[in-house]
Amino acid sequence: MASAGELINRGAETRARPSGRSRLWRWWYTSESLRGYALLAPTLMFMVFMLLVALTSLVAQSFMTNAGANAEFTLDNYAAIFAPNGDIFRILLLRSLWMSVLITVCVVLFCYPIAYLLAFHVKRHKVFWLIVITIPFWTSYLLRVFSWKVILQQEGVLNSVMLWLGVIDAPLNTLLHNRSAVIVTLTHAWAAFAILPIYVSLEKIDRSWLEASIDLGDSFWRRFLRVTLPLSMPGVLGATLLLFIRNVGDFVTPALVGGVSGTMLGNIIVSLFTDMANEPLVAAVSIFMMLSLTAVACLFVLLIGGRKRLRGVT
Amino acid sequence: MNFDEFHTKSKSGGYSRRQINKMLASLGIASASMMGVSRSALAATPSVDLFTWAGYDSPEMFAEYTEKYGGPPEITRTSSNNEARAKVRGGFTPDFAVPSWSHGAFWIDEGLVEPLDISRLPRWSEMFERLQNLEEGDVKHFVPLAWGNTAVVYRTDMVPPDLLEDSSWGILWDERLKGQIAIRDAFMGAMLPAALWGGVGDAYDMTDEELDLVGDLLRTQRDLVRFYWKAEADVQQAMASGEIAVISGWNSTYATLKAQGVPVGFMVPKEGMPTWVDGYMMIKGGAAPEQEKYDFLHAAMSAEAGAHLIEEVGYGAANAKAFEVADAEKVASLGIGDVATVVERGLWSVAVPVETKDKMVDLYNRVKSGF
Amino acid sequence: MMRQGKIRGLVPVILGIYIFILYGPVLLLPLFSFNDNIYMTFPIRDLTLKWYGQMIEEKAMITALWASVKVTAAIASTIFGFMSAKAMVTYKIVGKGYVLALIMVPLVVPSIILGASLLSFFRQFLDVELTLWTVALAYTLISTPFSLLVIMARLEGFDRSLEEASADLGMSAWQTFRRVTLPLAMPGVLASLLLSFMVSFDEFMLAFFLSSNQATLPVYMYGLLRFPDFLPAILALGSCILVVSVALISTAEWLRRGQDKTLH
């Protein structure tokens, strides 16, 4: 039994297919792909315009020797990455990927509850609270990192409070200049970027589905796991992708609070680019990082998307 | 219409003779009637583009130019030698950049700068002789502006005096100061003290064995280091809060901390005190007229500009006269003793040969990442 | 229903805790901006207003702040993001995955590489001058993926029959868009504007490579890290941004509430 919507659709299509027009025109009018691409065209053209020359020259450079005008084709740059001496690149890439995963997970876990509260339990002034939550992130990123230094340092806020509460006897000096400092700082720095997409997804959920679930006798957790969480996946997925990709390449926070154990691949790329005269090698390392990142991101999307399909939710 | 348009248009024959004569006539009348007006009203608009550091961009650094041309140069700021060079290499064409001499050779090799005609710079001879001969050879590309020493800056209340008796870079490797040391996060800044303490032949041109030695020294040091710092603001803050007791730092580090009331001392190590120099280089493809560029350099080389550097920024000036013009107390606060001796015997930083540099960068990155 | 009641009571508390955590580090800025010390160290010495005075006089900083505001590509990237999101969600497009990947590319490229490559592109390939426009183009490039993803989160599963019903009722495409599509997508659009603004406002590397004498605020601040004397003035500026933003939003909300009341 066709639904009202389907009937309207069918009617619209019949009306929209006039006779007497050329087949080409009809094909254009009814081809979804073409219409989609027409809408996408401005964005795609802009991207291609900006990136084409930049990226092709980067790729080309990575296959050249470091000889300026007399450069020849070579695979040496990529070989250097996989050589024993290139272990710094491989290990730092893994370290950066892993830290980024941790950060992304922390951010999403931290932000989901507040997005949920905002979407479901704040009745009035939603927009106001949404914007208020993002205002701390209008102050400079650099200043926020400095603030975290003040909080985590040996004579800093956190140590002082813990001493005063009697939780510790002497100030801890393991809070700063290591990997966990990087994770904490970046988790805070990206909080707003996760709250917004997740909120948008949650807010969209049709309340009638939730009410149906209540009527069917589901407990809060069952309702959450069967209805809310799957339907908020687009937002969670979007936030995860954005955060994960951006955090792998970060170099400011690791430089200021990371110390030795918190150094990430971004720091090495910046150092290679600015200190070394070997542009082809930098190009190769960058492309290596970009490809690895894309592969992991695709894997992640497949994982999440795959699970969605298994559950039978669109 | 500004000077540039007029200049271009008149050169390409855009004006007829009559029009030019008319313009000259009106100019003549204008100048006659403007006799009483200040010089700046007569001058053309300034067109020099300056690519410099924050701190070198105050009006006192080129006061005469501003007076003559009716305004300051257009200023673009950088915070890093390497990023500045990357930007110019990528196609940014200011008239002047202000790199450090340790990088200067790379700018020259990469063909980014023009050679200078020293005969058009009357203040050249006012500079310290050692600095006049900094760039070897007859062709000069680099006009020294400011310099600073890299020495040991320490908290007088946190470092036991016996550690200072030796006056050595070794203090940065002392076990008793574990966790209270901060090292500069730059390959040269970290490796120079190690090279000097390790007793290498030429710290600016090391052999592979010497590099291995430096690498080992850096790795031993790594366990004692609290963090590696990139920004002055960062390390000064750590020192002020008492987190750090000893660092390798500049005169300005010492002067600024002292002015804020932090108890610090400045120790000149016996193995040698690396000294950096920043200076002007004329970029190829800069759009300003040549005479204006030389006028700018002339203004920038003045003793007053140097005095401003000493008093307000805490750097040494290349112009020897600047030390006489500046406030004697401020000069003393730089922690240098006898300026002339320091200049003569300082370990002036020069460019490292490219292959060695690449090896040093690679080694430093490995050490810093924990390898 | 009992559960609901319990949660509702806790809502302000939890909201408060979150606000505290999010604002906490940032509240240190005003704290130290009144401190008579160029370093952000405890204990707090005498309170002073001189950093605010310095901030007002530091014209280069105010110009940089204004440049940063001007150059955020929020509107452009939201438009691009909206069109792309609508296309990807509404139509069955061949190669959707590749299109998504292409739009996400700017995020994957390390910013220093992207900055240097775009610089060469603008200066050596196109031979254009470096202005805030070149920066704005780069910012549009990196903000669009954010806009796209956040609007897609909103439009996913969008009921096309609503639009087609409106078309059947005789509304033009533009009216359909204005009265059906846009209101439904509004939270996503708002989120996209906020995100793009935040992304551009803070971005340093691209701005450094692609601007000349008109510095943006992050470029200006990075330049000053070599001179700690200027740090407190920046703290003062950060505090001002914080206070002014909260005041602006609160006023806007208060006005809107007043408007709502008069309508009833």
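Brief remarks on what is shown
Residue numbering begins at 1 within each chain, and the chains themselves are lettered A, B and C in the order written.
Here is the rule we use: contacts are C-beta pairs under 8 Å (C-beta built on N, C-alpha and C of every residue); 3 or more make two chains touch, one makes a residue touch a chain.
Quick caveat, the model's predicted, so the values are computed rather than measured.
By number of C-beta pairs in contact, the leading pair of chains is A-C.
Using CA-based centroids throughout, the chain positioned farthest away from subunit A is B. Each chain gets a centre from its C-alpha atoms; the one nearest the centre of all protein C-alpha atoms is C.
The distance from the centre of subunit A to the centre of subunit C, with each centre set as the mean of the Cα atoms, comes to 15 Å.
Distance between chain centres (mean CA atoms), subunit A to subunit B: 40 Å.
One finds 36 Å separating the Cα centroids of subunit B and subunit C. Multi-chain contact residues of subunit A (touching two or more other chains): 149, 155, 273-274. Taken residue by residue, subunit B touches two or more other chains at 83, 86, 230-231, 234, 237, 241, whereas all remaining positions touch fewer. In subunit C, the residues touching two or more other chains are 40-42, 116, 120, 222. Against subunit A, in their complex, subunit B makes its touches with residues 80, 82-83, 85-86, 106, 179, 185, 187, 222, 225-228, 230-231, 234, 237-238, 241-243, 354, 357-358, 361-362, 364-366, 368-371. The residues of subunit B lying in touch with subunit C in their complex are 49, 53-55, 74-79, 83, 86-87, 90-94, 230-234, 236-237, 240-241, 256, 260, 313. Remark: subunit A residues 85, 87-88, 91-92, 149, 153-155, 173, 176-177, 255-256, 259-261, 263, 267-268, 271-278 touch subunit B in the complex. Those residues of subunit C whose C-beta lies close enough to touch subunit B in the complex are 37-42, 116, 119-120, 122-124, 130, 208-209, 211-213, 215, 219-220, 222-231.
Within the complex formed with subunit C, the subunit A residues making contact are 4-5, 8-9, 11-12, 32-33, 35-37, 39-40, 42-44, 46-48, 50-51, 53-55, 57-58, 113-114, 117, 121-122, 125, 127-144, 146-151, 155, 157, 160, 188, 191-193, 196-197, 199-201, 203-204, 220, 234-235, 238-239, 241-242, 245-246, 249, 252, 266, 269-270, 273-274, 282-283, 286, 289-290, 293-294, 297, 314.
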